[in-house]
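What follows is one structure encoded as C-alpha cells, with my remarks underneath.
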Amino acid sequence: MTIMDLPMAPGAGAGQQEQDLVLEVRDVRVRFPMVRDWRGRVAQSAHALNGIDLRIRRGEAFGIVGESGCGKSTLAQVLMGLLPPTEGEVRRQPRGDGRPANVQIVFQDPQSSLDPRLPAWKVIVEPVVVRGRRAAPGRDSRSGRAALRACAAELAVQVGLRPETLDRYVHEFSGGQRQRIAIARALSSDPDVIVLDEPTSALDISVQAQILNLLQDLRGRHGLTYVLISHNVSVVRHLCDRVAVMYLGQIVEQGTAAAVLETPRHPYTRELLDAVPRLDRPWTDGAPAEPVELPGNRVLPAGCFFRERCPWARQGCERPQPLLCDADAPQHLFRCHVAQK
Amino acid sequence: MSYFWYQLRRSPLMLLGLLILLAVGLAVGLAGWVAPYDPEQINLVQRLAAPSAQHWFGTDEVGRDIFSRVLYGGQQSIGVGLFVAGCASVVGAIVGCFSGILGGRIDGLIMRTMDVVLSVPSLVLIMALAAALGPSLFNAMLAITLVRIPFYVRLARGQTLSIREMAYVQAAWTFGAGRRHVVRWHVVRNAASPIVVQATLDVGGAILMAAALGFIGLGAQQPTAEWGAMVATGRNFLLDQWWYTVTPGCAILVTALACNLVGDGVRDLLDPKSRVK
Amino acid sequence: MNADATPILDVRGLSLEFPVFGGAVRALNGVSLRVMPGEIVGIVGESGSGKSVTAMAALRLLPPDGYRVAEGSLHLGGDDVLAAPESIVRQWRGRRAAMIFQEPMTALNPTQRIGEQMCGVLRAHRRVRSRDALAQAESLLRDMMIPDPAQVLRAYPFELSGGMRQRVMVAMAFSCDPDLLIADEPTTALDVTVQRQVLQLLRHHARERGTAILFITHDMAVVSQLCDRVYVMYAGTVVEQGPTRRVLRDPRHPYTRGLLDGLPEGASPGTALAAIPGQVPDMRHPPSGCPFFDRCAFADEACRQRPALLPLDTDTPEPAAAGEGAAEERLLACWHPLAQPAADMPGERT
C-alpha cells in the first residue's frame, strides 16, 4: 500500500487533522545551481532536498535523523524560511490570533550563533525588539528598555540562568550556559515551533543531560512543538515522539520514535543504527572495511538512492521508491519494497 | 580597564609608543605655553644660528626659532593626521557597510568606483587633487582624506560580508529583522575593531603624506610652520645648517613611529583570541 | 601484560598552568597515567578536564612560552620530555609518538597534495628516497583500505571527504611506525558510519604493528568498544581508572557514575535524565579539596581534603577475564567510593 491508499478514518476527517497541524511541508525540493554553461543556464545542480513531505502536529517533538549530506541542515533552513524551496511549499498554520505560526531556531554552535559583542540580555530580547519595531515602527525603544530587561530576566530564570549575570558578554559564559541563552532567545517571542539544529552536539555530556531536561520541561510548560534535527540517535530517541530518517534529500523512514529506532525497516536505518556505538554491545573484531562514500547529490542515482550500498538490492530497486507501510502499522512508513511484508 | 594595563605590561613597544605620543601631544598641544618664542617672529641678527641654549633647535634663514616652529608645526601636521584618519574611517566605514549589506548592483557600482580610485597610485592622485584644489593645508587634508576613503570602504565591506554569514545574523533574519536592524545591532559592533586599528595606523601615514605635500609646496604655505614645508626649505641649507631639516624630520619620524607602535598594540588589544574565555 | 616493561608514556603527578590575565589557569592538577607498549588506553573527560592538554604536553606541542610546569614529570619511551631540547623532541615526534587530531582539515596542509605531505613525513623521519617514499605512501593508503590510492595521493585535502582525510591522517601517523599513537577526538566530527570504519582501522593496525594508542574522547560508548583501559579525568586530574569493562559497568566514582547515568541511552524516553548539577570548577582558582566536591551528592567534611589516587578495595573481587593480567588495577580518587550500582543512595557509604 502506498500513502495514497490509506483510508481516512471516518469522522476524524482531513479537517480535524488540518487543525492539529502546525507546520506542513509539501513535496519540497531544493536545488543549488553549481555549474552554469556559457549561456548562464544551469548545467549542474546539487540536489539537496528531493521531495520532502512532513506534517508536524501541534505539541509533538519530531526528530529528523541523518548523516552529513542528507540535507537536514537545508531542511532546517527551509523550515525557518531562510531558504525558499525550489519546488513545493512550507505552510505554517495560523495560530489563535490569525498570524502564521511563529517558528524559532536554536543553532548547534552556541558560540557562533550569539553575537559575541552583545550583553546576554540583549541577545535574549532581540526577537522581541524586532517584532515590536515591526508592529509599531518608530516607537521609542528607550522607554521599553526596562521592560525588555525584565523580560530577559524572567526568561533567564526559566532556562536556569541567574538574572544578575545577564549584563555579561556572551563569551564569559560556558558552553551550556550559552545554549541556555540561545533557548531563552528562542522563547522570547512566544513561539509555536522551535527548530533545534543539533542542540547538544557541541556540549559536554553532563551538560547535555541538563539541556535535554530543560527542553523537556519547557515543552510541557509552554506547549511547544519541537523539530529536532540531529545525528545523535539516542538524543532523538529520548526526546522525540516521531522520527524521520533522511538519506540524500529524501525521507527513507518515518514513524514513531520507538518503531523507527528500535524496529527499523529500511536498510539504511538499520545500517545507521548498527554503527552507533553502544555501551552494552562489544565489537566483533572484524577486518576493517572499505570506506563507503555517500553518493554525490549532483547526479541523483536512478531508482532507490541507497541501492549501491544496500545489502538487499535486487530487481525492482532500479525504479523510484515510494513510501510504503505494512498493513498492520500504517503510521510506520519506509521507502523500500523489499522490507515490506 | 585592568585588562588594558595587563596588555600594556606585556607589550613594552606599545607602552613606548604611547609615552612618545603623550609627550609629543602635550608639547604640541600646549605649544602656546611651551614654545619659548613666537614662531613667526623674525630676527635677522640670529639667522641660521646653530642649536644653543637660547635656541634649542637653532634658527632658520630669517631668524625664527626652529623649536617653536616645530611645536606649532606639529599642530598642523598632527591635526591633519587626526582629521584624515577620523574622517576617512567614518565615511569609508559607512559606505562600506552600506555597500556590503545591500549587495547586488549598488554594491557593484560602489566597489567599481572604489576600484578606479584605488588603481591610481595614492601619492600621485593626492598631488593631483591638491594641485587642482589649490595649495593650502585644508585642501591637502581633503585630498588625502578622499584618497584614503576607498581603503576603508573595502575593509568595512569585507567585514560586513563575513559578518552577514555569521550564525547570529542568520538568527536575526529568522525572527524577521530587517537590514537596518542587523547593521545597527550586529555589523557595527563587530566590524569596528579592524577599522579602529587601521585608523590608528593611518594617523602616522597621514602625517607623512601631509609632510610630503608640504615638501612639494602643496600643503601649508609660508609663513605657517609645518613639518614637511620646513624639511623642504631646509634642503637648501642641508650642508652647513643640517639642523634645519633634521629637526622637523625627526619630529615626523618619531610621531609616525609612535603611531604605528600604538596601532599594533591596539590590534593586539582588540583581538578576541588573546583574551581569556 | 609484562609489568616490568617500560611504559611508552609515563606521566607522574603532572601539574601545568597557563598564565592568563588575572592569574593562571591550572589545566593539569596532578595527573598520573601510563601507557604500556601495545595497549589501547582511553582518556574520558569533558571540557576543562585536561585530557587534550595531557596529549599535547606528551609531545611538547604546547606553545613554549605559554605554559609553566608546576610539578611532576612526563616521560616518553623512558626519556624526559619536559626537559629535553627542542631538536631532540622533534625527532621523537612522529617516530616515538604520532598524533591525530579532531579536525583533519586543519591538520593537513590545504595547499599541498596528499602525496607531497605523506612523502614529506616519510623523508623527514625515515630517510627514504623520493621514489621509495611515494611507493611506501601508496602502500600505506592501501593498508587503510582506500580504493585507488594513486588518485588520493594526487588530490588536495579539500577534494576528499572528512572520513577519507581522517584515513589519510591515520596512514600518516602510522607511516613512521611509532610506538605510541595519540588520537585526540579523531572521530567526533565524523558521521557514525564513517566513525565505525575509522575506529576499526585504528584498532586493526595498532594490534598488527604493536602500536599503543592513547585515545581521547568524551564518548563513553566509543571507549567501551575500543579501549582496554580507561582513565576518567575531571578538572585536571584522574579520578578513576581501570579496565574499561569494569569501570563502565561498575563505576565507583560519583562523577563517572553521574556521567553514565546522564546518558540518554540508559534512560526511558521522555523521563528526566539524572544530570549532574552545577558546573566544572574555575581552574583559575583550583579547589583545594576534592575537585568534584561542589557537585557530588555524597560529599562530606572528609572531602575537603584532596583524595589520592588509590587502589580500589573490592569486597568481591571479580575473576580476571581472559586477557586481563594482574597488573590491571583499578584506582580511584574518592573518600567514599560507591557500592555496587543498584544499592546506592545518597547517605549510604561503602
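Read from first to last, the chains carry the letters A, B and C; within each, the first residue is number 1.
One rule holds in what follows: a residue touches a chain if its C-beta (ideal position, glycine included) is under 8 Å from a C-beta of that chain, and two chains touch if they have at least 3 such contacts.
Keep in mind the model is a prediction, meaning the values are calculated, not measured.
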Query raised in the report: What chain pair has the highest count of contacting C-beta pairs?
Result: A-C
Report summary line: Outermost chain relative to chain A, judged by CA means, is B
Query raised in the report: Which whole number of Å gives the spacing of the CA centres of chain A and chain B?
Result: 52
Query raised in the report: CA centre of chain A versus CA centre of chain C: separation in Å?
Result: 33
Report summary line: Among chain B residues, those touching two or more other chains are 275
Query raised in the report: Hey, what residues on chain C touch two or more of the other chains?
Result: none
Report task. Over in the complex, which chain A residues touch chain B? Could you list them? Result -> 80-82, 103-105, 107, 109, 112-118, 122-123, 126-127, 129-131, 133-134, 171, 185, 189
Query raised in the report: So in the complex, which bits of chain A are touching chain C?
Result: 67-68, 174-176, 204-210, 212-213, 216-217, 231, 233-235, 237-239, 257-258, 271-272, 275-279, 281-283, 285-294
Query - chain A contact footprint on chain C (complex, rising order) - result: 46-47, 145-147, 161-164, 167, 191-197, 199-201, 203-204, 218-222, 224-226, 248, 258-260, 262-267, 269-270, 272-277, 279-280
Report summary line: Residue set of chain B touching chain A in the complex reads 166-168, 170-178, 181, 185-186, 189-190, 272, 275, 277
